[in-house]
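Shared chain: chain A. Partners: chain B in the first complex, chain C in the second.
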Partner chain A sequence: MIERVISIPERVTVRGKRVDDLLPWLLSLPFALLFLLFLGLPLYRLFELSFQSETFLGHYVNIFAVGRYRNALFMSFAISILVTGVSIVLGLFMAYFIARREFVGKRLVVAIISFPISFPGVLVAWAMIVVLGRTGVLPQFLAFLSGESASTFAIVFSFWGLVAGYTYFTLPRVTMSMVSSIEKVDQSVEEAARSLGATRLQTFRYVTLPVIAPAIASAVTLAFSVCMAAFGTALLIASGVVDILPLMIFNVIMGQQDYAAGAAMAVVLTIITVSVIYGYRRKFGGSVYA
Partner chain B sequence: MPESANRSRFRDLDFGLIGFYLVCAAVLTFIMLPVFVVFFYSFFGSAVGGLGSPTLEFYEGAISNNLDAIILSIQIAVITVIVDIIIGVPAAYTLVRYDFPFKRLAMELTILPMAIPGIVIGVAIVRSWGAPRFGIDIGGTVEIIIIGHILFTIPFVIQVTMATLESVNYRRLEESARSLGAGWLRTFLYVIVPNIYNGIIAGAIMAFALSLGEFNISFFVYTPQNTTLPIALFGGFRTATVGEASALASIFILLIVGLLLIVQLISDEGVKLGGNV
Partner chain C sequence: MTEVTLDGITKRFGTETAIEDISLTVREGEVLSIVGPSGCGKSTTLRTIAGFEEPTEGRIHFDDRDVTDVRAEERNVGLVFQNYALFKNMTVLENVTFGPRMQGVPKEERRAKAMELLELVGIDDLADRDPSSLSGGQQQRVGLVRALAIEPEILLLDEPMTGLDAKLKKRLRREIGKLLTDIGVTTLYVTHDQTQAMAMADRVAVLNDGHIEQIGTPETVYEQPANQFVANFIGTSNLLPATANGSTVDLGFTTIEAGGLSPTNGEVTVVTRPDDFTLNGGPIEASVLDTFYIGGTVQMVVELPDENQISLNVSPKEVDVSDLEPGDRINLSLDASNVHVVN
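Take a look at the complex of A and B:
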């Protein structure tokens, strides 16, 4: 009896409900179209383009066969791995500091360490130039102390300048991604280990590290992929000095107008960064960007 | 004997702590020093050959030479954020709320523009849409820059919206609204959206900041008539004087820092870690 009473208005609104149920899908359509037309289609065409060569997979073979291209790929890996390593070690110190110490102005320290995350790469490059360039403060200061020319100390337009710049944008990301995980470590277990005679290093290695290992994996993934993909910083600092893959893509496409060869490099670079990030998601779940 | 052992252990501990603080101080210096120097140079010009007195002339030069770029960048960022919200929030809701085939895959695909290098997206877009296609001719327009920025920033809005949705009990809210007779649109606008408002705003401001700073995609699709602020920064760093380039960089830093402070004030989400450089 009661059921019938309730079911009547349901039946009346059947047609209205249909439209209503479709609405969320209709409203999601623009998003799907955006991805299809401006991400899917362009990437597919780039992929297609990368196979347009005289020999089968010619442009892909060239990445490994031509010395300049191969070196650029290796240099990208070398810088990304080096910067990831340096950033993880320094970031662990900083993340510990933020997670464990209570002090006045902690919010300020968090703000300072996190705002460079939003800097574009070209700005990071300029930040390095004013510190490490010929007119930068450090070379000027060292020149003043030693009496030699500031140019001797200007290292910005070199491999090491690139490493400094990449560390500048990687370190804040890595630090902030590890803080919350360190906050969750049970400090009483660490204290127990210490009171049983474990050294600081042993406590970290056998008590803390296993707990924060997933967070470190996330930070490594994030750091490595961001370094591999970075372009703006290198464009200003390393153009013509250090060859890395994104710069090589730019040179091949804009300089030599060889879109097909550049497309093959772009595909390789994309496969590297995408597989690193989605590989992390498969293994650990969750997002490295959270 | 035990006393001396204690003392040496105490000393070891202290050295460890001092080392720890030294590293932290070095990291903070490394982050802060370049920003200070940029601000310093924006008032004094280059330090080479002695310091003059502080002046605002670099700011005057930076603003008068780049006013168009600053205004265009803000306009692009505003439009980008509005479109992000209009098409991102419903999509995030649908992804979280409904079950459908390949739901997991669809959710994972939303972060794709963060995982793909900006230079690749830039090259791909200019290659596909630089010339007219399907009767749409957007090559060299502001629209193509905006589309690139939407692609780049919408994952942040979607991620934040999905996270906020999952943190509120939206199903219960929704059921009570709908049992009172509200249709989907009314429920969504008047019940769901107000509950995830803070998340949306935080994501939107983050998207705004990222759009302002976007360089890698814009660099491939812009024309000299449509120069955005980061492109102007790039040009300024190569051609302008140290003082003027630093002044422009300072303006940009102040914009970004202001926006991120607002994010920190209104949301617990904090600053997202993505964004290609």
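Take a look at the complex of A and C:
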């Protein structure tokens, strides 16, 4: 009888685990460490700091108990919701136009619309000041027409100035993120609806909207979280005029050196933006930025 | 039932003329088919009737009502698309009830009506399914029924069977044909497939380069094509140059009696069909170029003495294909009774 010996090659193992299986983990280790160092640690410290108060959750309670703080939180919400709404409505019209119409210079228009996406917040604020500031083009012109003082029309250092600045910031992002989704809508399906007696509005409501809803939700999430956290623009045009949460955090930390209170606010801000993004992912899946 | 009349419809896109001076009538309850090569203006004609394109010139009437300026959603036109264009976010039943829902038909009533229609095309058991889970043939039935649910003045079908496999096409053609006859809705059927057009339609309009070449029954456009284009487009034709001279037409290699066919004297074109030739040792000498056995028929390409090439169909019972080689000499006769002469 011939005994066949099938030899199984010895695997290289570390404590009983094959090296082949460990390799991906080993390779990701440096990134994991970086991740921990620059995301995990700061978040942990922020969290830890925010609890350092005389009473339990004192700084958190204060956010809702102290008028100024509560107001800042409310203001941030108000501006973010308003700007998101305005951006989505205007952005939908613009995205529709870009997706559906062929016209001379379309590429140029798309380039111009996309251009401000790369602007830093400070530049957006500067643009607002140049156009809507006290010596800005628009107030000067309106003052010339009406004979009143230019500062009557200089809305830049106000709630509405901030809304304008943020819209300037979010509108191109929101528009461009919805264009490709509208381009993908099968127009024969819309025509089918029209032929069946649906008006343009009904066609949009029942046929187009369900198809582009994920893209709109993504745009809403993007706009809202950007507005909630935006700081540079606000620092230049709203500092001392409109208190919003990021400015309040800045003031509390830099002005009052109250790191713990600032940390609590930062945690609240982070929770808000993260839950909005998480909510989107739960409902529609995928990344907001895709 | 509605009679639909196009009166001198012209549509230009910029400097491009898509259709020019189209006048035709789709009679009450009739199935009229528009055939033509791609880019001939079939789709533009259909979209103009549906209200998605505004004609540059001309008027459209549904019976006595001028609908030229009526919006698409108010025309009550049923549309069936090549790609089905079903609402993917709705079930089959919701697709079919969509039209009546927009028209304000009460829920129970529109549901009952939709189920009735779905039953008519044999897919009532799919009512609660998502359209995307249906086969192509099933989806197109939903598309058809959805369009019929609004009891349209006219049903417009835009290449509804392109993209379906050949067997299914044949079955659906029969089913749809029967359905349209039963319901008796005025129908315009647009296709590039002349077989579909001939099989489905009461009358066929041949469109080419934005204008109508001929309108007539399938028999008329096949047997009496108005010109070379129609002769070529509808079925297979052998177009042979000839000289007409009174009662005879001289093809060069043979002379045939013109009967009442020849409209003029002089240079004409004789339209012969592949079945007009018989391989029976007749007077016409030809040489074989190719033979194709396609089951039931043998298609042959032969060269005539004047070097014109023609196609002919012969029965495999008459000729054993394996006996024929390219270059072989054969003798044909031409049955002139079905031959048609165009200028």
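Rule of thumb we're sticking to: the second predicted complex is superposed on the first by the 260 of 290 C-alpha atoms of A that agree within 3 Å, B and C clash if a C-alpha of one lies under 4 Å from a C-alpha of the other, contacts with A are read in each partner's own complex, and residues count from 1 in each chain.
In this section, a contact is a pair of C-beta atoms (placed from the backbone, for glycine too) under 8 Å apart; a residue touches a chain by one contact, two chains touch by 3 or more.
Since the model is a prediction, treat every value here as computed from it, not as a measurement.
Participant: Looking at A:154 after the superposition, I want to know if it touches chain B, chain C, both of them or none. Which is it: first, second, both, neither?
Facilitator: Neither: A:154 stays clear of chain B and chain C.
Participant: With the two structures laid over each other on chain A, which partner does A:42 touch: chain B (first), chain C (second), both, or neither?
Facilitator: first
Participant: Of the partners chain B and chain C, which touch A:135 in the superposed model: first, second, both, neither?
Facilitator: first
Participant: Is A:210 touching anything from chain B or chain C once the two structures are fitted on A? First, second, both or neither.
Facilitator: Touch status of A:210: second partner only.
Participant: Going by the contact rule stated at the top, is it chain B or chain C that touches a larger number of residues on chain A?
Facilitator: Ranking chain B and chain C by residues of chain A touched puts B first.
Participant: Answer with first, second, both or neither: which of chain B and chain C does A:198 touch in the superposed model?
Facilitator: In the superposition, A:198 contacts chain C only.
Participant: Between chain B (first) and chain C (second), which does A:261 come into contact with in this model arrangement: first, second, both, or neither?
Facilitator: The answer is neither, since A:261 touches no partner chain.
Participant: Looking at the overlay, what does A:186 touch: chain B (first), chain C (second), both, or neither?
Facilitator: In the superposition, A:186 contacts chain C only.
Participant: After lining up the shared chain so the two structures overlap, which partner does A:233 touch, if you call chain B first and chain C second: first, second, both or neither?
Facilitator: In the superposition, A:233 contacts chain B only.
Participant: Looking at the complex, which residues from chain A come into contact with chain C?
Facilitator: 186, 188-189, 191-199, 202, 206-207, 210-211
Participant: In their complex, what parts of chain B are in touch with chain A?
Facilitator: Residues 13, 16, 20-21, 23-24, 26-28, 30-35, 37-38, 41, 46-48, 86-88, 90-91, 93-95, 97-98, 108-109, 111-121, 123-125, 127-129, 147-148, 150-151, 154-155, 159, 163, 183-185, 188, 206, 209-210, 213-216, 219, 230, 233-234, 237-238, 242, 245-246, 249, 252-253, 256-257, 259-261, 264, 270-277 of chain B touch chain A in their complex.
Participant: In the complex of these two chains, what residues of chain C are touching chain A?
Facilitator: The touching residues are 50-52, 72-79, 81, 83, 85-89, 98-99, 102-103, 143, 146-147, 149-150.
Participant: How about chain A: which of its residues touch chain B in the complex?
Facilitator: 16, 20-21, 23-25, 27-28, 30-32, 34-35, 38-39, 41-43, 45-46, 49, 90, 93-94, 96-97, 107, 109, 111-131, 135-137, 140, 150, 167-169, 171-173, 175-177, 200, 222, 225-226, 228-233, 235-236, 246, 249-250, 253, 259, 262-263, 266, 269-270, 273-274, 277-278, 281, 287-290
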